[in-house]
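Structure first, then comments.
For reference, chains read A, B, C, D and E in written order, and residue numbers begin at 1 within each chain.
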Amino acid sequence: MKKNTVHIPMPIRYLINAAAIAAIYLIISALSSAGVITNYYTKILILICINIILAVSLNLVTGYLGQLPLGHAGFMAVGAYASGIFMRAVSGSMPTGLAVFLSLILAAIVAGIFGFIIGIPALRLKGDYLAIITLGFGEIIRVVLLNIDSVLGFNFTYGAASLKNIPKTTTFTLAFICVVVVCFLIHTMMKSRYGRAILSIRENEIASESCGIRTTYFKTMAFVVSAAFAGVAGSLYAGYLGILNPANFGFMKSIEILVMVVLGGMGSMIGSVVSAAVLSALPEVLRAFADYRMVAYSLLLILVMIFKPSGLMGTYDFSFTNLIGRLIGRISGKRTARKESAE
Amino acid sequence: MLTVKDIHVYYGPIHAIKGVSFEVNDGEIVALIGANGAGKSTILKTVSGLLHPKTGSIEFNGEDITKVEPHRIVKKGLAHVPEGRRIFLRMTVMENLEMGAFTQKSVREEDLERIFERFPRLKERRKQIAGTLSGGEQQMLAIGRALMSHPKLLMLDEPSMGLAPILVEQIFEIIKELNDSGTTILLVEQNAGMALEIADRAYVLETGNITLSGTGAELMCSEEVRKAYLGA
Amino acid sequence: MAKRDVREPFIPERDKGLTPTIECIGLGIDFGGLTAVDDFNFTLGRTEIAGLIGPNGAGKTTVFNLLTKVYQPSRGRMLLLGKDTKGMTTAEANCAGIARTFQNIRLFKDLTVLENVLIGLHNEIRYTMFEAVFRLPRYWRAEKAARERALELLSIFNMQDMADDIAGSLPYGAQRRLEIVRALATNPTLLLLDEPAAGMNPAETAELMETIRRIRDMFKISILLIEHDMNLVMGICEGIAVLNYGRLIAKGTPEEIKSDPNVIEAYLGKKGC
Amino acid sequence: MSVLSMIVSQLINGLQSGSVYALIALGYSMVYGIIMLLNFAHGDIIMVGAYIVWVTMSVLGLPPAVGIIAAVAGCTLLGVIIEKVAYTPLRKSPRLSLLITAIGVSFFLQNIAQLIIGAGSKTMPAIVSGPNLYIGSVNLSFVAIVTIVVSLISMAILTILVQKTKMGKAMRAVSEDMGTAQLMGISVNKTISFTFAIGSALAGIGAVLYSCAYPQASPTMGSMLGLKAFVAAVLGGIGSIPGAMIGGFAIGILEAFVSAVGLSVWKDGVVFAILILVLLIKPTGIMGREIKEKV
Amino acid sequence: KANEPSKTPGGTDQPGKPAEGGSIKIGLLGCITGEYAQYGIAVHNGAKLYINKVNAEGGVNGKQIEIVEYDDKGDGTEAVNAFTRMVDNDGITALIGSVLSGATIAVVSEAYPIGMPMISASATAAGVTYNEDTDTVFSNVFRVCFIDPFQGEKMAHFAAEVLGAKTAAVIYETGNDYAVGLKDAFVKAAQEIGISVVADEGYSKGDKDFRSQLTNIAAKNPDVIFSPNYYEDDGMIVTQARQVGVTGTFLGGDGWAKVTEYASAADLEGSYYCSAYAPGSTDAVKQFEADYAAAYNGETPNMFAALGYDAAVVLVDALKAAEAKGLTAGTDEYKAAVIEAMKNTSAVGVTSQYSFDEFNNPIKDAVIIKITDGKEVFDRMF
């Protein structure tokens, strides 16, 4: 037990965390209804939420499972198109709330199925071979989305002409809820035997096997969950932009997500969250620099990696309640110390 | 031949070696013994240039090598068989041996023969990928590889670890032989008994400090050493 | 060479009537042209501590790898508690009761000591994914129980205070001990230890011997260990098998082995013990 | 055109683009071989090389020989500088950090090129010219012949360099274990710089050949090229020199034939599908050696 | 050959300045970095050329036009963000943009609900001004360029009626909605009027080797080859086509402007493309070219620059109308007035006089340009 840390019991921890999250949400809502946060900032906040989901879900496979997939955008694409096509089909014939809910679930399921189909063969390979095979699948998904209409003989994805007129249902509230849910699910999973099994595979696969962990099963599971959440992000994206083009989900998008994960610190959820937020907002902050903004962005990447090679957060995982515990501990430190010496 | 003067070595904030001085004279076998984590391997790494001391100096054959890069130190005739063997796992046994002769002009047939004579196992497994060798075989390879560079001073880090008793005996015999044929030896050993037996002189290291030193025989009789390192 | 019946454990009278922990019948494996293990016949009783010794490269670790299904044998059979293990994976072999440590330590280095043990307990902890992610009561109960169990196991080696340390930062000896605890956590019937005393000094080794014996007595399991430290092997093994060039050259009690001329020539050397 | 001559023409098309891929894949593979880095900036080094050709020949009006030398020298220098500035500080860092740095360098080169030279493509003058060759009805362009021949020669030289010289040995040792390589008397810094120099020089040659065949230079030309070369390197077995060559030619020929049979729309998909199939059958690529971890 | 993009970030069009009482803020959005930057930069340069000219001449109704210029990298997400920022933070009253169709459509879905007048110089996809799902026209969106189907059809008819072609081949970039749009229209029209399309070849973005596809085309020996891509690819395609023995006449869309810099005169000889702009054709064009060169280091403008200029002309003309009504810039009435004025415009740009059809697309004839001796020569209106 570390000194000066007051251990806060579980139910209270939940309450504190829930209160903190609600507070963040309420503050943002209040600011936006007061007009301080304009439509523009709301849009960026939504985008940040989408990118957080992407980064956190990729982190599951990259940071926690220790694999390097380069096709994450492919899963996002699958989710986006599934949801976009669904929303176009049902718009008007179903209450919007229900339709949105179903589209999120559908996107997760479809992307998860793709994750499964791709994960089974991909996970047989290791390291950079896994990277290239997932990259390949990602590209295949893109090419299929682009050309499938000519095979089917009717309009399905609209290929290069883009899937347009998707109802724009993604609000900040929805995106925020999704972030909270996804982070909560990943967090609780990682803090269970399932999560530990995933970590053990990253650490040492052979030892993990010999501890009775069916590594193939858990690898596939992590892959599927990660893909499903990417699908959720895709669904939000479809409802955010209202138009989908396969070119948005190319290799570079996968790289962009990977950069968020690594920059945040592999295996650190808070790291992924922070760096997804920073990197999504950065182009907007740099907007004033016009031509120089991509140069600035690339220099920043290089510099952060050189000076902070393990990412902004390393593998550190922030716990709000622990922080409070430490604060309380520090305040009441003297008293505790006295007690201890008495004991 | 080797003079180490008051070196302090750090791993980041960890102060691993706290002012160690010792020397190895031409033709000697010097042993360095001590508990786990005492800093024995750290000292060897510092001498061979893989680590650099914060303060203090290291002289080899009268030359200051404190800040010299490891590959240059090797060229001066100092070989280091690192802890945990560190052979090239993806190369064959033969290629590993050839690597050992990197500082030589060419790979000499008679060198190989000499090594194969000492370790017939290696000759058998010449073409095997070194990574699939058994633990002991890898240890033999690591020593053989170091010999390929004709070192004046050979530093061995726990050469007997993981070796069968019969081989441990052989290894110590080989060390003696090498010494007889003119190679100076600096030996780090967990197997303190055997080490002290063949050592001319020895140092005892405890958490970064030298606490005892003397001839092998002297230390062998020391009550402290017997209790802590000989298990008696 | 001390001749024994292939199917007999070392101390047949002790576990009479119980199926042996493990029976190997004509087990063998080839790597390309190399026959690493051949015609390996070996039986281990339910609570025996046995040693597997032999020169470097004799095939000892390979036997462990066969037992734990890291390698599939080229020939022969292997029964675990009387059941054929054909086609099992490493994970299944572990679930069936075989746990091991590794010659080159394989801890989950970046995780804490406690987490390492909890991963060992993986199959002992019972709750579903649903219960886990939504933190239902069964999750809390199972996690609490697992934590307590893990600390209890760590206390065998007096390591409960290190529970929150990062495994990779432990001293070498502690890492070896942690590997044993992790293996024990999987609730094995057979524990395989590959050179547990390597890198330990004589004092530490003596302590380890005590612990190994205690583990056997506490958990009533059989232990097979590979070790080059003859003090340890001769000190705690009830039976010893000797491998050379992949073949068994001797099997017997420590006394029998110590005086076996074949073993002396191939392995122990004149000064041996 | 007969079916046969059609096949031969398509084969030559494939060989020509394949030999450029192969050359670039080689550089990729060498750098990967030594520090396990997917050098994302490799394609962009080619871009810089192409611009050097353009500047020396079109802007300064110098003869082709100067352009070629300048491109190769410039790429070599650039490769070494990138290694020193961006990769050396990260030698002890996790591999993924290095990957991100490489991506950063790649973005940087692309955007700085756009800032300095402009977004549009620049047209190259003819670097080599000569008569086309006709074999029956098959038309063999001079550029194609030059491209194929030069890349084969470069690969041969490289193979000899890596297999027969001490530097080659040092490269292998460093790639396995830098610390131990030092204990063998190998200078790690020198070896890595040398590898980058060679890899980048190959990129320079690649840039020249590319400029001959596809006389356009644009800031983003490297990314697709780099990706294809990366795929080629992995297909062949990354880290292996003959593998990179086989992979490069395989991708080139594959693309040609996929297009030839009328699947041009699906080309990238088919190429990746075949890559995936190959990897599933042979998980380390065509020439890659699988080295199992001993337990 | 000076071909540098002229950069004018900073200076007068630096965003974020508080709106002065006497200025009218308009947005200028397009891809000025990234893969398609050359088009975006040209459009922006053209537009800024006109607006600076207007400002220099005293502005509109005595008010200066303030440009808020943002980059969208050709990406829809970025475009929407940038547009929203223009609306919320900068308070623009009208938008020129975006450059690529995809990004423009994304912006339209934001701009339509708030009735923001917008005019694009180069977004050619039909969906920019028209929602085919709901059969509604986006009343606030205009463009000065042709739509994709228009050009494809035009070239098919041109091939049949002028060149007497019987067989045709197409080669296009598969991921590019512009190329696909033109190609689809061409193929459809060709079939209707009796040209048989003997080869349909695609390639992907970033490809530089088209020999395999062209070898296939060569084997079919078509009369015309329709290559409706951007000029850099088209140049390469024509060059390689001649190498592998394609002898037919090349036809292209307005993406061909400037193609003469990317292929040799011999290879291009006799090719046609349709355009909205014929360099050096009229006095107005010559004046524009001279002004452009003076403003941007002697650079020759291309069609994108001309259309950027025209977009600005049409918009400024509408602004004048709104100002004439005495409305305040930024208000909804003002915007409605601008839209109203654009709808009924008769402004005269460099390339044409403008009026819009019921889909807010410009009504103007295509210019057919023939390439002779490496020069782009006005052939006819068609």
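As a working rule, contacts are C-beta pairs under 8 Å (C-beta built on N, C-alpha and C of every residue); 3 or more make two chains touch, one makes a residue touch a chain.
Computed from a prediction, not measured in an experiment: that's the story for all the values here.
Asks: With one step meaning two chains touch, work out the least steps from chain B to chain E.
Replies: Step count on the best path from chain B to chain E: 2.
Asks: Report back the single chain whose CA centre is most distant from the CA centre of chain B.
Replies: Centre of mass proxy via C-alpha means gives E as farthest from chain B.
Asks: Could you pull out the chain whose C-alpha mean position is farthest off from that of chain C?
Replies: E
Asks: Which chain pair shares more contacting C-beta pairs: B-D, or A-E?
Replies: When A-E is set beside B-D, the one with more contacts is A-E.
Asks: Between chain B and chain C, what's the gap in Å when you average each chain's C-alpha atoms?
Replies: Centre-to-centre distance between chain B and chain C: 31 Å.
Asks: Determine the centre-to-centre distance between chain A and chain C, using the mean Cα coordinates as centres, and give it in whole Å.
Replies: Centres of chain A and chain C (C-alpha means) sit 41 Å apart.
Asks: Just give me the whole-number Å value for how far the CA centre of chain C lies from that of chain E.
Replies: For chain C versus chain E, the centre distance works out to 74 Å.
Asks: So which stretches of chain B touch two or more other chains?
Replies: 132-133 - these are the residues of chain B that touch more than one other chain.
Asks: Find every residue in chain C that makes contact with two or more other chains and list them.
Replies: 61, 70, 102
Asks: If you look at chain D, which of its residues touch at least two other chains?
Replies: As it turns out, chain D has residues touching two or more other chains at 111, 114, 223, 265, 268, 293, 295.
Asks: Spell out all pairs of chains that touch, sorted by label.
Replies: Listed by label, chains in contact pair as A-C, A-D, A-E, B-C, B-D, C-D, D-E.
Asks: Touching residues of chain E toward chain A in the complex: what are they?
Replies: Those residues of chain E that touch chain A are 7, 9-10, 14-16, 32-34, 69-71, 75-78, 80-82, 84-85, 87-89, 102, 105-106, 109, 125, 127, 131, 133-134, 174-177, 179-181, 204-205.
Asks: In their complex, what parts of chain D are in touch with chain C?
Replies: Per the touch definition, chain D meets chain C at residues 295.
Asks: Of all residues in chain D, which touch chain B in the complex?
Replies: These residues of chain D touch chain B: 166, 169-170, 172-173, 176-177, 179-188, 289, 291-294.
Asks: State the interface residues of chain D toward chain E in the complex, per the touch definition above.
Replies: It is residues 1, 6, 9-10, 13-14, 16-17, 58, 111, 114, 117-123, 132, 139, 141, 210, 213-216, 218, 220-221, 223-225, 255-260, 262, 264-265, 267-268 of chain D that touch chain E.
Asks: Can you check the complex and tell me which residues of chain C touch chain D?
Replies: Residue list for chain C touching chain D: 61, 65, 70, 102.
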